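Worksheet for the structure shown next.
Chain IDs A, B and C follow the sequence of writing; residue 1 opens each chain.
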């Protein structure tokens, strides 16, 4: 295998349930190449967010395995019923959540420098400089010393993205990052993500915004009932889906009655 | 009857000494009680069932019995149990510290619990090690959230400290009762004593409201 | 420690008698507090300053002074000021009842003001008149929300009632004090008395905890 085609992420038969009765992921297989921007769509409860949370190492899994950059990342041993997560690998992944999850007691810039200083032992001065530059780039230069509660939802989410970028992630996960925003604030957040897309940062995005999905995706996965139903380029999955269930979903989302 | 508040002028100094005892006792027990409460609050979230159990029994017992009886127990029984003499101040400090520890542990426990799961998710996503999660993210938020309730707890302690007069410690209430007995002017003396307590406790309760409104709103904690 | 315990030296009879007095005090004070606390809460929220201020002063005074000061004041000063003495039990009930009234008024006020604005808006949108909005929307919401706090305040008064022992009401605390002196068995006596107080308080605090958890589940 050449380096170009070697997968960045490889997910093999991932199973995950909450309690004995609720099976959320029922054997998911996804392979993601470097530079890909994968948008995951699908009905609520179909396992999209759970997939992202598992990839971030926030959830235990029942069985299956994930490798990252060819290295084993997450695996589960059936015998011990234990999920093994390589925290070293986990540090190369960044995630942005629906509800911002900024640290409310820290100013914007302190939110940004906490992890680089504490995780990588970066010098405070250099981290502050990088943070300020990043904030300027996202149009938040003036907000460096504000507290999260003093920001709009769109600003908070841009700060959250900047915070994740401070660790130079090799993969970014976006979990419905615009779902909690007022409609007029959605664009400013999506612009920032599009900016990152132009730099070929690999990302996996869960969103309900089909316009955004079409614009950013290099590949779309339709996920329902805990399995991958359809997987292909955006023109196919969003424009001319091959699977019946995908078509139904897309039609409903776009309000097209036939 | 006619009221004559001028009798009190003669006892200014005695009242001041009493008040100082009350304040000293309160301050000592605020510091000791909050420290104890913090540790007990942590103990109540401990994974060990024994640690949790001991902490719970302590808290529930001290919250479930009158402070007066706790005080009597410590003044009259603890010296017998330990076989040592305890000064009035030492007994008062022990009793009120245990009381304060019990009520503040609940405050700390509630504020620790109120730091949500999402904050932990963010910590993990940023790869923060466990001690950084605790020191830089969870504790600061928990302490900030606890501040208003802790202040209320301090006001409660300040008020409960008047109970030590019942076991003969010369605090503000005790001095006031003595003066009232000696002068046969209970209305004037006790009213002034009440007003002194009020003059200290009331601004503190206002401060609680102010802090809740200002600081916590600013941070939306 | 060279103390030999002898719990048999403590006769339970007087303690039980004391407990009955304590419970009477508690129930009577709670009746006053729960019933009269509510109109007081309405006064606290009055738009008319002349009504609101005295009510606020009353409540803040009880909340910001030690209960023992209130009780001693009540027992010494009310007879002198008003030339009445009502019997120590009645005085005890009144002193505790007024204290509880202040705390409960605050609980009612907080609960009423915590009813979300949207609830009232929904009432307006449905065409309910102001009277209907208060009786069908605000009060049922608020009263339910205030129950845990009222119960907690009630149990606090049960514990605070021990203070009347200082002014010679023969409650559980008073009996324990007397018994401790008579028998020279303070450890056993005060321990048993404390356990009796605990045995009454603890179940109530557990109920309050359960109510609050249930409320959180229902409203989340």
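We adopt the following convention: contacts are C-beta pairs under 8 Å (C-beta built on N, C-alpha and C of every residue); 3 or more make two chains touch, one makes a residue touch a chain.
As the structure is a computational prediction, the values presented were derived from the model and not from experiment.
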Which chains sit in contact with both members of the pair chain B and chain C?
none
Need the most distant chain from chain C, centre defined as the mean of C-alpha atoms.
A
Identify the chain whose mean C-alpha position lies nearest to the mean of all protein C-alpha atoms shown.
B
The chain pair joined by the most C-beta contacts is B-C
Per the centroid of Cα atoms for each chain, what is the distance between chain B and chain C, given in Å?
19
Take the average of all CA coordinates in chain A, do the same for chain B, and state the distance between these two points in whole angstrom.
47
Quick one: report the Å distance separating chain A from chain C, using the average Cα coordinate of each chain.
53
Within the complex, chain B is touched by chain C residues 1-3, 60-61, 63-70, 72-73, 76-77, 80-81, 159-163, 165-166, 173, 176-177, 180, 186-187, 190-191, 193-194, 197-198, 201-202, 205
Okay, in this complex, where on chain B does chain A touch?
118-119, 121-122, 124-129, 132, 136-137, 140-141, 144, 217-221
Help me check something: in the complex, which residues belonging to chain A touch chain B?
53, 56-58, 87, 90-91, 93-95, 97, 99, 101-105, 114-115, 118-119, 147-150, 163-164, 167
State the interface residues of chain B toward chain C in the complex, per the touch definition above.
1, 60-61, 63-70, 72-73, 76-77, 80-83, 155, 159-163, 165-166, 173, 176-177, 180, 186-187, 190-191, 193-194, 197-198, 201-202, 205
